[in-house]
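Below: a set of structures, written as structure tokens.
Heads up, the next two complexes both have chain A, just with different partners, chain B and then chain C.
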Partner chain A sequence: MIPLNPAIEIALLIVLAPLIGALLAGMDRKLTARAQGRIGPPILQPFFDTVKLLRKSPIVVNRMQIMYAYLHLAFMILALVLLVRGQDSLMFLFIFAFSTLSLVLGGMCVRSPYSRIGSQREIMLMVAYEPILILLMIGLYLANGSFLLGATLATGKPLLLSLPLLFIAFLVVVAIKLQKSPFDIATSHHAHQELVKGLTIEYSGPYLAILEIAHFYETTLLFFLIMMFWVTNLWIALALACASFFLMTVVDNAFARLTSIWTFRFMWTGALLLALTNILWFYL
Partner chain B sequence: MTAIRKVSKSPWVVHFNCNSCNGCDIEFLACLTPIYDLERFGILHVGNPKHADVLVVTGSVNHRNARVLKNVYDQIPDPKVVVALGVCASTGGVFADGYNVLGGIDKVIPVDVFVPGCAARPEAMIDGILKAAEILETKRRHPETLPAGQPVITRTPTAAAPAV
Partner chain C sequence: METNLLLITLLVLGPILFGVSMLTGLRGYARSVMVVASALLVMVSAGLLAASGVREITLPSLVTEVGSFLEPAMILAMLAIGLRIRSWPVRLMAGVQLALCLAGLFLHRAPHPEETRLIIDHLSIILVLIVSVIGGLITLYALGYMASHEHHAPATAAPTSRFFFFLVAFLGLMNGLVLVDNMKWLSLFWEGTTLCSFFLIGHDGTDDAKASARKAITLNALGGLAMSLAGFLAAWNIGSESLSTVMGAGGIALLPLALLALAAMIKSAQLPFQSWLLGAMVAPTPVSALLHSSTMVKAGSYLILRMAPAMADSALGTTVAVAGAFTFAAASALAIGQSNGKKVLAYSTIANLGLIATCAGIHTPIAFAAALTILIYHALSKALLFLCVGTIEQTIGSRHIEDMGGILFKMPLTTNIAIIGMASMMMPPFGMLIGKWMAIESAVHQPLVLFLVIAGSALTIFFWAKWLGRITTASYHDTYKIETVSPWMSGVLVTMGAGVLVTCLSAMPLYHAIIKPISLTVFGQVSAGESLTLLDSVDQFLSWPLFVILGAIVLAGITSLLFFKHSQIRLPFLCGENVPDGDFSFEFRSLADKKDRALLNSYYLSPIFGESTITAWCNPVAALIILTLFGVLFL
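Entry: the complex of A and B
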């Protein structure tokens, strides 16, 4: 890769990341439709949806709600920048968690019961997946001897070889973050109604568009995080990330929704055990 | 289909059942199945009026649900269009003479597209919703476009008038 001026690189990232996320979302919808024997929307449909939402008249329930939507987006962008610049992994985790927390606070500050239940479930999900993310960063440290996300590039060894079990546990986290089917209990993608619309029920028009754009950034962020597992070779990394996203779509179509307590149990037994076993390996 | 027609590329639909016999609702849900696949036009069935552009109503209006229908309509952000599915939603249909029935939904909210039929066929519904998508795009480009016909009470209800 050509080394770029950091400012240009960040600017490019901020412009391109939501486009990548929207394309991934469009492909996901197309694949889902094909899997169900439908023709499905055009791949560019997420762009049309977002543009349409941006042009609708705004309805504001209260000012805090809007502020939290912007905070959600801003922290998501910051987390993505930290990831791509290979900064401190713990800082990245904090910012990433803060982004989700803004979403939860936005859902909590309105009076709709659906929104509140959705927010509570999102907190439940965070409690379920955060340990895996923290263990992932510990694994990163044990493998590279540094908490810097960029350290993998320096060591030249693919992370996947030393963290295979953590990778599996991490894929479950990706499924949760992408609101994929066994875990889409806080809010849901369009065709899968849950809690009417859960967390995002009181957002409409341009503010819903902000949440959608933040979700596109989040999708790109997760795509890059998967690529981090084989960052030494760009093509293998891309293949790995694409295969993982394909797997997400398959899982989404193959599974029914779990309850929130089941999700919690699954994460704190199955996934956590996988992650811990992987960490223990380093001490054997 | 002519290519020049300006159709909204992502009309999101919210479906409200006023007082229907469920015939029209079943046919409407059939539109989402692989045979008819509404999503290929970018049409999504959302459960939340705040996310929707198109309000699809089945069934006739009565004194109890007029207020609810008006409330759902008011929650949809502009620009918005309304589709009346089936003869019940258009005129009151077989229920028109009921002592509690006000008539079609145009008694309460402005309607842009009427889809006749009892039950309306999915093909007709898709045509109606695409027509609505076209009107939606016109309304977005020309916000000064006159709203569809305002509600008119043509049949005097026997009981007291509803508090709308």
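Entry: the complex of A and C
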């Protein structure tokens, strides 16, 4: 990586990250459309959508919603900055989690059943995947001897080799975070949600745009997190992340939606066992 | 006389004497003056004691003698309660305790009784500050709370003067508990706090209150018995009743230490002894805030942390760590299934005390720093949250979370302070989260403990998010109401809320300035190693860039709030035409134009997280872990 002034690096990151996220989202939509035999929207469609949303007049149900939308975005950007600057992994996780929590609270603070059910389900999902993420950071520590996210670069050993099972468990978490079937329970990119738009139903106009932009940041963040598994070689890292995202699109189109309690049970048994097994290797 | 000694006398005897003055039947204005005076006294003395630094004070052996005569008196009081409430277990345990105590007194009295030492170190100073500052504020809150409570309390309630006697005297007992080294005195203060707790829980005199008080004294009598037994064994085998001597005695001291750990776990309501703390929630709110969340239960954490060096690197320490971590995970899961706000707070308290025990059992510099951080921030935030719930309960008449929708409009001050309190429990980079962060890092070499701590942390999100979401739920109103609460209550809430906000925002600098140096002094700079590196890595976390980004975006949010117009408000989508009805906008036209209400409660998932479901298997497991505590001694 090219050494840059930290301030410039952070500024570049804040500007470029949502663009990368939007492009990834655009490609995802295109691929999905092709898989379903449609032509699909242009790859730049997510940009157009967001810009259009930003230009609408703001409509809300109450004041709290606005604050939570901004908090969601703020903590998402912070999490991404911590990740790219190679800061402490657990603090990164807490900040990442609080970002999602703000989204949940934004959905809960209105008197709309759809939004509230969506929020409850999103909390269930958080509880379901959070142990895997913490275990991932523990794995990072056991492999690198440091809780710093940047430590993998220093050791020069790709993480994927020592954390293969955790990587699989982590991909499931990525699927949940990207709202892919079978985990698009709280809200969905597709129009087949019984909760209408679930969690985000009461957001519209520029405030919905804020959530969309935060989701672009989140997409980029997850992309980078996958790259972290082979961060020693940029090209392999890119290939790994692209392949994983392609897999997400395939999975999204191949599965039907499941329930939140099923996800919770699955994550706390299957995925957790996978992650724990991987962690236990280090103690032997 | 040495100034420190004077300060300690003021801290211990001051509140007790003030408490006695309450019993003379002071009312109204006079009572308020006395309570304010006692609160100011302990706060100022605690501040001065903290400023005067670390030291040990040796008191003449006469003090030890006084202690050994006062202890049987305290146990007799316990026995008397056992007789009055007709409880065989209490009578039995107090009887055995009395026998042990007298046997200790007559069987092997050393020709020269030991001197009593007072230990003023970082740990005890922190606890004295917690007890005196938070405790002092809570007694002030109680002035406002009890004035209103008196009016609607059941006819069976005890006199309010008695309530204030126990509440204020408790501060003195607690200060004594954390300063003495002599086990007789320790046991005396320990029993004293149990008695205060018994009378305060039973204050309302209802069947519920009586049953809860009975449960509390029964379990805590077991703890007291364990403590007396530990003292007896220590005197018998080691020939000393000084805790620090016992701790230095090596393998022979492990059984007394295990007994003390048991006493500590009962006091801090670790599984399977949690039932008494849950019952204690029937007490008036200041009691829950003072005894059962921020201070008395911390006596258990204090004792475990005090003993931690002696348990380190032994099977005893590991077992305590596992027991604590198990309590953390199980209590966090139990909190999910609760809709009673006070019970959620109680389970969360139990969970955090478990986490402190875990850190004490691990006993590395980073674990010690984690334990201190959690100890301090938990006391602050939990006391505040209990006071908020109490205020909310007095206003809306319910402590159920689902009834708290819309309170942001009805009582904006209390609710905003409650939001600060909840945010301080789970928002990064605030104190509690830094504590949890370090706790996870310190557990990294003990897989079982690590897994339990991770599971517990994940579960914690669930109940806080549900509650925070519920209290911030509000329909739009153009104006805010101004709520009417007693100035004592709102004054204390605002003070504590501001305190929590300031300490949380400066959590990283405080870590650098206070917690880390303490941990380094306790463990010594030289003991370099992994744990020390972790301690530094926490310190190196730069929090200010974080606040810059955060501040910028939050400012943007506030700006958009300022330009907010009434015309931007719409009613929520309810899949039917909304029925505008002023305050509540969640009615809609359903089939055949019928008016229907859209209501939705949060998930409590009782089939998984129900109290009976979880305790049915967690209590036996926890009991087995407690048995292991003693089992490992005989391997």
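Everything that follows uses one rule, which is that the second predicted complex is superposed on the first by the 280 of 284 C-alpha atoms of A that agree within 3 Å, B and C clash if a C-alpha of one lies under 4 Å from a C-alpha of the other, contacts with A are read in each partner's own complex, and residues count from 1 in each chain.
Definition applied: a residue touches a chain if its C-beta (ideal position, glycine included) is under 8 Å from a C-beta of that chain, and two chains touch if they have at least 3 such contacts.
Worth saying up front: this structure is predicted, and the values here are computed from it rather than measured.
Chemist: Who does A:G40 touch here: chain B (first), chain C (second), both, or neither?
Modeler: A:G40 sits against chain B, while chain C stays out of touch.
Chemist: For A:N5, select first, second, both or neither according to whether it touches chain B, chain C, the two together, or no partner.
Modeler: Neither partner.
Chemist: Comparing chain B against chain C, which has contacts with more of the residues in chain A?
Modeler: Partner touching more chain A residues in the overlay: C.
Chemist: Is A:I279 contacted by the first partner chain B, the second partner chain C, both or neither?
Modeler: second
Chemist: On the A-aligned overlay, A:R63 touches which partner chain: chain B = first, chain C = second, or both, or neither?
Modeler: After superposition on chain A, A:R63 lies in contact with chain C alone.
Chemist: Quick check on the superposed pair: does A:E202 touch chain B, chain C, both, or neither? Answer first, second, both or neither.
Modeler: both
Chemist: Using the superposition described at the top, list the residues of chain A that contact chain B and also contact chain C.
Modeler: On chain A, the overlap between the chain B and chain C contacts is residues 57-59, 196, 201-202.
Chemist: Can you list the residues on chain C that touch chain A in the complex?
Modeler: It is residues 405, 408, 426-429, 433, 437, 440-441, 444, 447, 450-451, 454-455, 457-459, 461-462, 465-466, 468-470, 472-476, 534, 537-538, 541-542, 545-546, 549-550, 552-554, 556-557, 560-561, 564, 568-575, 584-586, 598-600, 602-603, 605, 608 of chain C that touch chain A.
Chemist: Could you list, by residue number, the parts of chain A that touch chain B in their complex?
Modeler: Residues in contact with chain B: 29, 33, 36-42, 45, 48-49, 52, 55-59, 190-191, 193, 196-197, 200-205, 208.
Chemist: For the complex, give me every residue of chain B touching chain A.
Modeler: 8-10, 12, 32, 34, 37, 39-42, 44-48, 50-51, 53, 75, 77-79, 140
Chemist: For the complex, give me every residue of chain A touching chain C.
Modeler: 10, 57-64, 66-67, 69-71, 73-75, 77-78, 81-82, 87-88, 90-91, 94-95, 97-98, 101, 104-105, 107-117, 119-120, 123-124, 126-127, 130-131, 134-135, 138, 141-142, 146-148, 196, 201-202, 261, 276, 279-280, 283
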